[in-house]
Amino acid sequence: MGKPRVIMTGEGRKFFVKDTSKDFHTQFGYIKSSDLAGKEGAKILSNTNVEFSIFPPYFIDLYQRLKRDAQIIPLKDIGAIVAETGINKKSRIVEGGSGSGALACFLANIAKEVVSYDIREDFIEVVKRNIELLGLKNLKIKKQDIYEGIEEKNVDAVMLDLPEPWKALDSSSKSLKAGGFLVSYSPTIIQVSDLVNAFKRKKDFAHIKTIEIIEREWEVDQRKVRPKSRMIGHSGFLTFLRRI
Amino acid sequence: MGKPRVIMTGEGRKFFVKDTSKDFHTQFGYIKSSDLAGKEGAKILSNTNVEFSIFPPYFIDLYQRLKRDAQIIPLKDIGAIVAETGINKKSRIVEGGSGSGALACFLANIAKEVVSYDIREDFIEVVKRNIELLGLKNLKIKKQDIYEGIEEKNVDAVMLDLPEPWKALDSSSKSLKAGGFLVSYSPTIIQVSDLVNAFKRKKDFAHIKTIEIIEREWEVDQRKVRPKSRMIGHSGFLTFLRRI
Amino acid sequence: MGKPRVIMTGEGRKFFVKDTSKDFHTQFGYIKSSDLAGKEGAKILSNTNVEFSIFPPYFIDLYQRLKRDAQIIPLKDIGAIVAETGINKKSRIVEGGSGSGALACFLANIAKEVVSYDIREDFIEVVKRNIELLGLKNLKIKKQDIYEGIEEKNVDAVMLDLPEPWKALDSSSKSLKAGGFLVSYSPTIIQVSDLVNAFKRKKDFAHIKTIEIIEREWEVDQRKVRPKSRMIGHSGFLTFLRRI
Amino acid sequence: MGKPRVIMTGEGRKFFVKDTSKDFHTQFGYIKSSDLAGKEGAKILSNTNVEFSIFPPYFIDLYQRLKRDAQIIPLKDIGAIVAETGINKKSRIVEGGSGSGALACFLANIAKEVVSYDIREDFIEVVKRNIELLGLKNLKIKKQDIYEGIEEKNVDAVMLDLPEPWKALDSSSKSLKAGGFLVSYSPTIIQVSDLVNAFKRKKDFAHIKTIEIIEREWEVDQRKVRPKSRMIGHSGFLTFLRRI
């Protein structure tokens, strides 16, 4: 099949070419397989003379192709999680609520090891395909209920994307190192309120902050410099706790 | 001196204890050095009976203590950079405009190697102290003008925090792999406009997106659930290009 | 035809009934003309037993039915204009760039008198129909170029919705009372920048503020309390000057 | 004392001169009373040669001088109330929770008549002084508990700025015309949630929308064009209902 490639126009229109042994068709014309097999970084032309750059996929190019059976957490929120917790090459992370595995995959690309818990077989199948797509070796998925317990101990961070995150406070508390982070991602503010009020009673977590991240994209084209007319209004609230 | 420790109250009030061989004073009373030397994760009491949790500093605890002679880029923006570029353990990164080195330090904690260029001796001194504080081995700083050229080749990403980022387009273009990311962080929209219009003429970059990240923090305390009254209105615009 | 009526369900689904002498059909069933002619404030039932409230249209109900051939300024921005200028029953206002006349109509509902300038015959026709729809007596439209001059003198405020608002600075300056407001509504930030830099050279206006208004709508339904997923990212920037 | 005047520099620095029979001192030098008594719209100079424009106060200039013993609702939110309800010269309005009377004063400047209810004698005193300051004839204040009832009937809108707005649903319902607006301003989202869930049970109101208004101010000075670094993060949520 040849190795996968990304091709991109000067306007940033991107295509993922899975099989470089065949011609590849786009709305800007088609590209011959002989050109697709060429040197990376080369400029190649479609049959209609549109110029493309060709290069091997970066992690983010593969990530954007993940299967998404559940609603996935947007990059803006993943960024805030990484930034606020400072997770890195040495971090050991547990996740509750794999969904499609997008967050777990992104974190595994940064951290030492990630273990994700989910109870839905259909989600687990999606995550497995996504792990394979990205070629990740350090992400394990367990079909277990995180409300019942977490086998990993002394972890640096627990990420929760669950309808009732307060039910995972006990297992998270036992799994985390002192000072470790619990991050909960919830679409509604009532979930946030219930979570914060729950752990304040239990006293084994301190509330660092609850935030929402709003990303505003701009058009920049000659004198037409302005925020885009439409934007995402909301994805979820991020609550950061630390095990004390 | 004993190893540094972080102590934290149940409300998330955090103190960095550099020297655990001495008593440590806070507005919540003082803590005896014998308690500071104790087992991590333990609960300890101040002389006024305020309970603290004690643990070794996480990366983010050290990061928040970096020296800041220049205005530093906030975590919300660092998060967006990591998320949009997908940089990871294998990434090689160049930065232009070290400032206090905060961004370079954060990225070095994730990436394989980071090289930062600055021409101001005073900034370089600050960065060196910050590298030492965090114990980073994979972050180098060079006193050179990035507008003149970048010695590293085939890098995955170039980060610019410069007053005239368009002057670094040529050197960035030669340094980056095909598909590699150029990220520019600028406080004013006129800088963004000038950068985008400059590279559109040159045609060796594609514009992926220009965004601003707005972080909204919430108070969550019983029925008092509301965004905080005051917030950061603006730090900078992030422009993402890819080398084509 | 009978007088027009608004009918509304308990969920706030609203219908404008122009002709109450005929049955009215909705996706919730139809309502008999005999019920439509009934007492205002009554509850009436559709043939499928959906309950409606019936009442005479408020100004805002008519306003929401204005013809819109040009893009119209959203209510959030009209609100900011009224709030920042404090216009009221005694105010005399001139507008440059009628568009569909939505802003002029809204302001005429509050102010003593509004005169709107436009040079496009097609827009003027739309505005005339809208004036009639709302039954406004104090809104005049002139087919004249506001860049050439404003006949009204000693006005309290001039509203500009023009591609090159700086060309109307001279005529606005001669038309406004001392202390009077010039408000410019522009989609791009480059227009704002050019306007502000233009009048700073001329020195007959002081810059009060430039703002953008972001409206965030919330869903509130039992425990589902969250901002809506999609929102308007941008309409225009509002620049407020005062004649000095 | 002479009539009050506003003086303003070219940078928009504004001073309210209550007594024009005396010299007036500013950080930009002082202005002689003989100049303050001069013709409106004139340019006058301070003793240090700073140029001022002089004019009679507009409504908004007086409004910005209101006494504020309670936290007052910001202009951005008042604007949204006016815009969403379309209140105008013919509107009759009732308010519950006068606070300092700022909202009532602003609305009285637009509407036919406003009646405001409060039970705190100290607030009522402040409102009375503010009514006098603005010279409003159509704003009455009543020392009565709006939870107990509203004497005015067939009103167009009821504005609530109360800790427990759901307690005023019954009295508002009896006071409003069919189709009339109930607007509630609350700092916390839990109040919004409780209000909406309360009236949904009662079925005499339809929920039109719940919004928050975010105002973002920009600096515009040559090439320095950017949102201001600091902004108001939150004031209150606005919930709009209609009597059905």
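The letters A, B, C and D name the chains in turn, as written, and every chain counts its residues from 1.
Assume a residue touches a chain if its C-beta (ideal position, glycine included) is under 8 Å from a C-beta of that chain, and two chains touch if they have at least 3 such contacts.
Keep in mind it's a predicted model, so treat the numbers as computed, not measured.
Under the contact definition stated at the top, the chains bordering both chain C and chain D are A, B. Interface comparison, B-C versus B-D: the higher count of C-beta contacts falls to B-D.
Centre-to-centre separation of chain B and chain D, using mean CA positions: 42 Å.
Averaged Cα coordinates give chain A a centre that lies 20 Å from the centre of chain B.
Annotation for chain C: residues 189-190, 193, 212, 216-217, 225 touch two or more other chains. Remark: chain B residues 6, 8-12, 40-43, 53-61, 63, 75-76, 78-86, 88-89, 106, 109-110, 156, 177-179, 189, 192-193, 196-197, 203, 206-218, 220-222, 225, 237, 239, 242-244 touch chain A in the complex.
Partner chain D is touched in their complex by these residues of chain A: 189-190, 193. For chain B in complex with chain D, the residues that touch the partner chain are 187-191, 212, 216-217, 223-235.
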